[in-house]
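As written, the chains take the letters A, B, C and D, and residue 1 is the first residue of each chain.
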């Protein structure tokens, strides 16, 4: 779930979040393409902190730099950017999963096809990736990575079409699942979203140069103009002649992932025309109507719980207070303390603000609960800081089903809401009361009268179990899924 | 003012803050002394990010590790902590000043005196340090560092007393200015505050082991108990027999630095019995009473402006909103972009939250203004995000005088409030209105009816020009101040 | 020719050597397989200093570690070796060519084939590698590296045979040129030499575990027993049942590369039953018979010229003296000096031993001359040290033709002996006399009456232009050779 | 004796050598002073590999760069040299002793005295350093390092003289033992040798700029001219007016250290008018006369044994052969192997050349034996390689007494020759015969009829126990010697 387990006793409020696997960015026709991609990726850093990569094309050669670590750690120096010349470039940030974190898996992936070079960056997850991969290996293919994204390259390589764009579209016709893809050839920048539009992708413009990015915040960082969302099922092909739009696959109603609003997207991004910040405040306000509390203060779990807490507090008329303080200098690891130090209950990342909490009835507001491991600790932290009562409020419904579309969820039996009912969860957490926003509530907060059960407006299976596509890899052959892949920590 | 100038066009809201030079921490008698000091320094990281050091004593030898960089970068591994055995240890974090950032200046400093080893960590600045240093060199002394702190060691070495504690106290009798000192000998842990108590120091306890720390947040991180503030002019001597208190210098009324409440201390710290968070909210509320605004939203300049903005908003009855979003993944440097990229007005660290700001009359709340360079940019950022009006409110008085007690202030002619009157500042910033909290207001917010001009309750010369001590180095011989010191980037 | 040009004026005696591209090593069945491979690669470090890699198989998974730099820099710590568990492992050292030195080119290469994993390490060069590569890409293959070695993996992947060994042999049937290959599957360790046996490969044994290595010195380092040379055209398949030998390709007479004896192999290695050290002494002695000199001392160009100089001196009855001293602490780069320092004629790597040279008639003995650039300098260095006469003797024939079998030779027009006749070379070098060993002489030194022109006993085209195979890539389509490959400095 | 113990079973022929602690270099008046010092230190790298430092003076400020590691690792880049502007500079290389290898001990040491800055680099060891240090601390001094060299700075600081040179000479009057000092003030470059001239120092010149260096090889690397040796007891003061010579201390006959000829100095250096290479050959020849052997080949222990072996072989009429091959790519550490690998008897640094050794009666020639630990292994290595007989010859007398003048010798009871007689040593080593050069023999080899017992021509106490000075620190108070110094691995 998280890169490293939190110290026992420590309260790492980020340890029980869902993780998305990626952010993508591309620009065409700009003299400082790679520098702009680096800045765009920096703005998308919240979507993936494991690794980052950029591929640029200078009219003659493709240049690639891929590194483990943050964008700013590796792509902030002129020397690296100078190794990425050219006016077209694509980039990628990747979330840190455990295990196969080898450099060869860092995107954009690149291949020399017969028709020319092709670089691909992918946000999302294919539900038939392993199935296709096995079929391709059976046909004589060699894989350079262990990512599902590589099948897009291999399918394009196998295609008999002469133009790379056609090969790319042929590849899209075979893949299933969630994808926001940004690809670069020696002539074109291509963007593509899956038929349901599960993962986001927007089109922008800077000085007349088209941009593709996962979120609008990556446009804002460089002062680029937002043009429009790339639509579900759309393929956007950008070259010297401008931007062309295609819908090569059968069209379906859009069904974007609700979690972009709840947790993933940055609060200042606008996703499908809605402010993420406003959406979160609306969820908090809706929750206040559904589950008010007799309390003295509303305390957000920082930082993602803040907007919902503002919404909740305002709707309830309770004061909003920073009852938990985040230490801004936290690195990924710290002293591996001895048992005796571990038992101190060290507060590396967050500490309670006693002045706010002591003697108070506290509404604690978080955006979601996954395994509940940190929820226990945060309630305990509030009590130790003197809270008289702790009323836990979650501004989204209980997560009871795993994801297969690019969100890193634990196995189902690790999900708190799959294991316990509400009262058991409350007892487990040690809270005086506990409430989640309802399914209807979250749809209301998003501006709908209610969820349309035949054609839901959002991808929401984590709450409902209603998966938007078939799950070929998962259902087909569970036992055969683990390929004997090469372990490399290069 | 800050280590590196912000990118032109970028809005680095931290670029125009005051910096304090240090934090100190010490513990006596704990089997994991160095690990606990490392944790304590981590909690004090906001007081200094340039370098950190720990000296431990294992009953036979002193062990020292000093590094440039964050505590977590160097003191988070067992291997470093293992090189610091012993049950008594002191540590230090240091702010990044330009120039002489050599390792030899990283504290704690250490010297082998005739009476035994002495390690010293210092928060503050001596106003007669250069004067003493010159005198000592004239007497045959050799300096290992270019810090004022070293004169404490040299004075103790020169003393004819046989006990180190006595030598240390003799040294205190000669120094002037601001200091919170933590020192370690082969028998004792010593804490000392200057006669006015300008810089903070608290006494705590963990498992019966006494602790000295700059702020209570360093006690909270390890679950230690707060005992009391070390008093102004007090010397605390800790050894196996417990904690003894001395007042070897003539006693004076306390006059702590008001900036600990305004900006330096962490909001969850309790300084001299007052919550820093509550003090900031009270300053915001007082400002709302002094300078209300006809507006739609109150937007804090993150992160230090948040408590004051909550106080202001509540007092005014206006909604508090996160109108500026901080990027959590910002490192110290990023691409040195070409001129054309620089002109884009890149938003590396902060971006406006358009959904909150567009079309609104915004009260922008910050805690202080130094040179005003970022204030211009942030007003401009609000306007670009669509703010209809921008009313700038500062929850402390104008800074018009430099500091000589450990706060890194620019020369007087760089201070905005020393150069302009209020209306000129408003015009410079491009705000629709501008107001600072008054001197009386800040004393009211701190719980006093008013400032006592004959004996001010706080060190507040940055606002008033009323320095609490003589300034020997500064006044005596301005031209002779620059020593021909060795430049070393070891 | 060399990774970085020597400082103007400096005398880097290693700057004008030929470079071989690789060394290989594999072991099967040993509990410390990876540690032993690391030691073996260390002993083969003279065959390649750019990069090193090891792939191990632990019965379930393949593990790979590939690094740029020396073996000792990366594979000397327990932590790296611990990431390579298993009882079978193969490794590779690679010479530093300019340009495409990306990590993805570091061997062993690995691929997941339908039949299982396959790791391949290669010493040599394929003469139809580019031709095959283009054909494979045309068929839909994606390349992970820019090495010719990868075609072996791709051909094995494309094969319809079910067993990996059979696929591997099918791949061998398609490749041409020079290769000593060591491959690892999940069941077997495989060794293969090209039909002419151009590059060396030996079979050894440690504690009953079979070993494959480029040279016997890699057996000696671990106290392993030498069993026999792998024969030209032989495929050796090692598994739990022991060592099996196959000759799947039409058999031809062996024709090993003469340069292994002249320069590449370590002097303590035994190649095809002959001591390399003795061969070099014999070449020196033969040269003394062919081209004696009226002189006072014989001075070797260190270190590779030493054995030939011993042979020459003894045959002539002249004293052998160390007239040039090597600085053992030379790294790859040093100060980029200003022009004025460059003109000093800095002696970073070697310096003359005046006591030996001054006033003497010196025979200077080197093993080979490529471009002659350092020969000029060394003669000049001898003269500056006071040599009365300098008689240059080269213990191998003039190099007049480039290599295509894994030796990094410059373009033909850079080779001194392709540009000048003997007298012109002598004048160019500024020597009083100059002589090379004759073709007949080197065959005599190797124990043959003479070179058999119809079926030469050695691969010797660098001297004769008589290439042992067709040169498909080189002859076929010179203009089309440069693939638009991805540049990556990963 | 050596920084890290050799792997058990490994034959590290350098593991049983004596180590000298330093080399020094200085230049005055050259526009590229620091670059030239870096080159000079590189040529002196054999005198110390632990650390290196340079201090330069640019007319206004002193600049210092001190680093752990090789000169080429840290002082080879323009960026470091650019931080050392100025036309006068001094530098130092330091041998790696265990323990106190902190950066603060890396020389040149520097202090700001009342009269100006003073940088000092020291080769040698003071025999009253600890005594002086204790006295200075008692007087109120603080030490920045744990080196004896610092007392020179402290004594100069304490001096009441107004000129730095006078203070420096006053300091010399108090110190005892061995020293070749190079010092830099803001006006002058100073060189000084102890009254006996134990450690070497030469005067050279480049482009009219005076140079001081430990050995002539440091002049040769930059093409500088050798002027003369600095004499024993001489102080050389160099400034814009040229070179002045002083003899401030009572004059004594010179008595240089014989070990410079046996092992320390580079073979191409000329020490006191004698070629080191020729001296070693003469020692080998003298040994051949004293202790010839019935044998087939003479094999040097590389690399320092080579000249003596050439001398021995020539005198005996036996062939000189490289029977032991050195691996040029050895780093400082390698795999910490498991016990089972350790038992293999890994040959990381050297391997036997079987072709030379097998079936032969071998004369093995080494320059010295300290503890004998590697001698055992090398004899065993020769036998394993098939040697029929091994006759060990040592081209210097048995080392039976420790050094206190800058050579790192083990405690007396670790010295082989202090523990055993000749026959016991032979048995211990497993050699068929063993012989050392006699005391008379080494004096003959150095051109003297015999050793003058009343006034020996060389410092030779390691063989004779006849120490050239009193040993104040050592004799005075053995028990009090260990200062409770600070351990720092900065």
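Here, a contact is a pair of C-beta atoms (placed from the backbone, for glycine too) under 8 Å apart; a residue touches a chain by one contact, two chains touch by 3 or more.
Here the structure is a predicted model, which is why all the values come from computation and not from measurement.
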Of all other chains, the one whose Cα centre sits farthest from chain B: C
Approximate Å spacing (C-alpha centroids) for the pair chain A, chain D: 61
Inter-chain centre distance, chain B versus chain D - centres from mean C-alpha coordinates, in Å: 49
For chain D, residues contacting two or more additional chains: none
Arrangement of touching chains [line / ring / star / complete / other]: ring
Contact pairs between chains, per stated definition: A-B, A-C, B-D, C-D
Residue ranges of chain C in contact with chain D within the complex: 31-32, 35-36, 38-39, 42-43, 45-46, 49, 70-73, 75-78, 81, 206, 217, 220-223, 266-268, 270, 275, 277-278, 303, 306-307, 310, 314, 319-322, 325, 327-331, 333-338, 340-341, 344-348, 351-356
In the complex with chain A, residue positions of chain C that touch it: 55, 60-67, 83, 103-104, 110-114, 116-117, 137-138, 140-144, 153-154, 157-159, 186, 483-490
